[in-house]
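First, the structure itself, so that you have it in front of you.
Chains: A, B, C, D, E and F, in written order; residue numbering restarts at 1 for each.
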Amino acid sequence: MIETAIQTFSSPVVLFFVLGLLAAFARSDLTIPEPIAKAMSLYLMAAIGLKGGVAVSKSGIDATVLSALGAGIAAGFILPLFAYAVLKTFGKLDRINSGAVAAHYGSISVVTFVTAVEILTGQAREPGGYMVAVMAAMEAPAILAGLMLARGVGSKDASLGGNRTTGDMMHEVFTNSSIVLLLGAFVIGMIGGADAFAPVSPFFEAGFKGVLCLFLLDMGLIAARRMMDSRSMTWRLVVIAIFLPIVNGAAGTLLGIGVGLDAGSAATLGVLCASASYIAVPAAMRLALPEADPGIYLTMSLSITFPFNVLINIGLISAFAAYLAGPTGVVP
Amino acid sequence: MIETVIRKRIEILADKALTKRVTDAIEKAEITGWTIVPVTSGKGREGHWREESVMGTDKVFVLTIAAEDKAMALAEELAPMLTNLGFILSMWDVQVIRGERF
Amino acid sequence: MIETVIRKRIEILADKALTKRVTDAIEKAEITGWTIVPVTSGKGREGHWREESVMGTDKVFVLTIAAEDKAMALAEELAPMLTNLGFILSMWDVQVIRGERF
Amino acid sequence: MIETVIRKRIEILADKALTKRVTDAIEKAEITGWTIVPVTSGKGREGHWREESVMGTDKVFVLTIAAEDKAMALAEELAPMLTNLGFILSMWDVQVIRGERF
Amino acid sequence: MIETAIQTFSSPVVLFFVLGLLAAFARSDLTIPEPIAKAMSLYLMAAIGLKGGVAVSKSGIDATVLSALGAGIAAGFILPLFAYAVLKTFGKLDRINSGAVAAHYGSISVVTFVTAVEILTGQAREPGGYMVAVMAAMEAPAILAGLMLARGVGSKDASLGGNRTTGDMMHEVFTNSSIVLLLGAFVIGMIGGADAFAPVSPFFEAGFKGVLCLFLLDMGLIAARRMMDSRSMTWRLVVIAIFLPIVNGAAGTLLGIGVGLDAGSAATLGVLCASASYIAVPAAMRLALPEADPGIYLTMSLSITFPFNVLINIGLISAFAAYLAGPTGVVP
Amino acid sequence: MIETAIQTFSSPVVLFFVLGLLAAFARSDLTIPEPIAKAMSLYLMAAIGLKGGVAVSKSGIDATVLSALGAGIAAGFILPLFAYAVLKTFGKLDRINSGAVAAHYGSISVVTFVTAVEILTGQAREPGGYMVAVMAAMEAPAILAGLMLARGVGSKDASLGGNRTTGDMMHEVFTNSSIVLLLGAFVIGMIGGADAFAPVSPFFEAGFKGVLCLFLLDMGLIAARRMMDSRSMTWRLVVIAIFLPIVNGAAGTLLGIGVGLDAGSAATLGVLCASASYIAVPAAMRLALPEADPGIYLTMSLSITFPFNVLINIGLISAFAAYLAGPTGVVP
């Protein structure tokens, strides 16, 4: 545990995140220009997609991959139901906001995933390359589940300047820029394979960790500023934003070990379940569920859950997976 | 001296993600055009927001110049969004040259 | 037809680094909100400037809509900055919907 | 109460590449200054455009505040460009503080 | 041919372009932030210029280089005349728009050039490094030719808010940002040579293909959106936008073989002739010929000719050059 | 000397700066998009901070490092006093502008530092890695000194819309984005050390010189445009903008040799004293001393002193340090 914590806190990626948090709390005027932040997020999506696609083009799709995919997609549909129930009862949120927040917690955070892969690799528990495919597959289901919870199936909101059907919503979700780019790059990686990837790897692979540092610096700044500005947060929501990643993380890890994944991959599935989206889902919600309050869902996912996951929970989940997998690395 | 005519200039502050709802309303009101101006941050009753396109919290100003009757029809059409989606609308009279364009 | 009320729209051109002095004044005048619009360059009696955020020469427009009395209080508060810090202020009447918000 | 005077505020939508033609006209009209505001997209009779600086399709708003006579002289000067180059011009009265600056 | 097509369509650069096309056609909200797109185009110009300058500093300027330069410049003046005639008669465009479009087809597309170099190198037909100099030399002549066709020599347009002489126009053309950067970096590369280039090569060389991927993603998005919005296109113009690159490509390749270039360099000259500018020339036209309609020249060059060249015509030209050069790689 | 000049003028970094100057003087429309320029400056700060921190984590903090730090901080407090006196008397500036300009010349220019390190390394006189720490330590003292000169200790400017105390000013200076990022990255580099730095080094180290080229291209453009627009410059100020870097550079070099630094490090201290800030200090002044005229301090530091240092003065200082250190490289 302590070793994991040291590893976490000597990673430049994590340290830049902490720098961002501290700078914002100290009310520094440090900011990453808006178009750069956006470009970095696009870059990260493309790079991760490519890497995953190349990995799958090498390994092929076997039973392990399929069961990991199945487990991920199932979690994407089920986790929002649980989250919704907690948010409506204990969290005292209304239907719309409960659905919106549930979508965030059911979906995944690409950056949390990447940070977890880095930390796990540092512990000689590198997850399988196919986990990128699992991550990609987990992005959308929770958005759909959350929208249905918030709106009811097949409803229309004619009052809001449009005749928006479920079909429209599905279109908006699946053409969301981060989903298109992640999946598109994944397919490109699969088509091209390692040979085609080689000439672009200095840009997409060698540069990756450095870009991630600056991106996390920005996320630290934004998370802390949002926390300081926040008006809609209650102590109940703060509790949920810590409770859900712990429970979902443990559940995901168990599920991963259960379907036969190695410790690193199972921990990664745990992290995916524990993480809450703050890129793809908020953007989709602004479009498909504009009445929901970003002051709630972004503050929970980005300002509380994300730091908690990066700084503490990834370590916990990794230790839990190692414990479950046993000392020989085989499920006991 | 050059001749000018009076038109309404309408300015709507809206979420960038929802711009299409505003421009659809402009087209429904049969106004000939619109122009988008970026905004970077703001504060209102719902607190502070900043342009964060990664998370989709960014807003824009949609500007359009139109004859009074069309402008009022547009305001009518947008009214529910002002309430439900937190848009802001203001309008005023301006002089334009070549009024037939608007 | 939809009902509109008259408010003042105030627009202040200020150095980006000094935006907080303007928004503090807006809050002091008890106005409910403001919106920041980027600007990229300009020319005045002091010559040409360009947005150069590296060196901190960038400016912004701060927009705010308020009832006349608050608008005048704000103008009063900002007057010394117009002289000392080279800010520029203009204001005019606009029609708004849901006037209770401003 | 603080004293204000009335000036014209003129706003010209022009191609970024052609900004200099507008600001040259402003200087020719002996107006003291101008400010450039970015715009990101729009639609008119000629269809949809988007800010694409790589291909030079981007536009800007040029704003200037001036006394009425200079404003009209500027409008006169710009009129041919409105027709030939697709610029758009609107103007209205504003109150300013320290009117001697404009 | 089929092999070439496979090579083309497994290149990540081409696949990202296709991804951009598809995403825009599916009405995804994916967009590359404007300042990033501009920065990528500046980066590409600087990188290509440097690379060419270093290449010429190594090889020196010999008879081959001079004849390639001569051929390129001649083509830059002659191609617009042919294009102008076709556009005015078959295309039914007016004088101003015919001149503007002719300038685009006489000039070159840097990105098409780069893509061709990549594909040709993959086929073991890498063109000579001096072809960058040829490309740079071909940028401006067609702009001048097009302006003269549109306006007549020495005319003034006092009506348009200025007393714009041919001198002013020449100044605007030669201080155009992409031309300045391409030529400037070329000269820097020549002055510095390979030694000076080494420390900056991780940035300008290793990163090049990756940036090109994202730039082409953006070009795909813009080309497809422009195609969908287009109002000024007619079937006649679409035909011309396919016909000109075929004819100009074949003519350029023949010319290249004729003046004694190797197959790869001749094919590259063909591609330069076939390509239509969509960076330097549109920007110059907006300034020097603002009455021309970007809805015509940009849609033709970017939305039709560029995809046609990248996806099909480079392959055709390469096969044609190989055929002309004969199996031994020597002109038969 | 001549050799140094050749070395200076074949460095791509310097050549891109010259390209920027020339392009702006030729009234080209070349511009680097604003968010990119800002992002490059942030990148350079982070990269330099990291590098320095890693260097200090390796070397540790010994007597040399401490005396270099002491010399730097002392210079940061003393140089503004001298500059202030010259500016008020010979320069005929008022109190506020004299204080503002003095802060710029007492502080340092990160980019001048980096360029000097590059040139010195090319002459086999690479300065110690700890000089980054010295540079970081020299950023702030001069800002404080300049503010006190301009305003007097403990004054308030209630008239300017605030009750701004010295405490507020100190806060603004120390939370200035470039200072936070430079120091933050320095600490991250020290905590992580070389091992943690390795995975991010392709981004922060390999890419560094290339980014520096484009950044200097932009600085060349801005410096030249500012020079052409300038209204507030007098010949007296131009003289001072050349005189101060010569005197400060010589003094700093002597000081460096005096406290026992090697020739390269002493020359670097000289360059730091000679350089005038145009990133951190102008931004801080806009906030803390808004009545001062950027037309004076930016034109002097960026448009005159910076080119003078990069193109000429670094060479002079390096030769002076070599002379002082003697042929054996030991202080005679």
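By our rule, a residue touches a chain if its C-beta (ideal position, glycine included) is under 8 Å from a C-beta of that chain, and two chains touch if they have at least 3 such contacts.
All values reported here derive from a predicted model rather than from experimental measurement.
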| item | value |
| --- | --- |
| Graph separation of subunit A and subunit C (steps between touching chains) | 2 |
| Shortest contact path, subunit C to subunit F, counted in steps | 1 |
| Remotest chain, subunit E as reference, centres from CA atoms | C |
| Fitting subunit C to subunit D on CA atoms, where both chains share a sequence, rotation angle to nearest 5 degrees | 120 |
| Distance between the centres, which are taken as Cα means, of subunit F and subunit D, whole angstrom | 39 |
| For subunit D paired with subunit E, centre-to-centre distance based on mean C-alpha positions, whole Å | 35 |
| Mean-CA-position distance for subunit E and subunit C (Å) | 46 |
| Shared-contact residues (touching 2 or more other chains) in subunit E | 29, 33-36, 38, 202, 206-207 |
| Residue numbers of subunit D (touch at least two other chains) | 17, 37-38, 40, 53, 92 |
| Topology of the chain contact graph, where touching chains are joined (line, ring, star, complete, other) | other |
| Chains that touch, pairwise | A-B, A-E, A-F, B-C, B-D, C-D, C-F, D-E, E-F |
| Residue ranges of subunit C in contact with subunit F within the complex | 15, 17-18, 21, 24-25, 40, 46-58, 77-78, 80-81, 84-85 |
| Residue numbers on subunit A that touch subunit E, as the complex places them | 33-36, 38-39, 42-43, 46, 50, 171, 175-177, 180-181, 184-185, 187-188, 191-193, 196-197, 199-200, 202-204, 206-207 |
| Parts of subunit A lying in touch with subunit F, wherever the complex brings them together | 9-13, 15-16, 19, 22-23, 26-36, 202, 206-211, 213-214, 217 |
| Residue numbers on subunit F that touch subunit C, as the complex places them | 34-35, 37-38, 41, 159-162, 222, 225, 229-232, 278-279, 282-287, 290-291, 293-295, 298, 302 |
| In the complex with subunit D, residue positions of subunit B that touch it | 1-2, 4, 7, 9, 23, 32-38, 60, 65, 92-98, 101 |
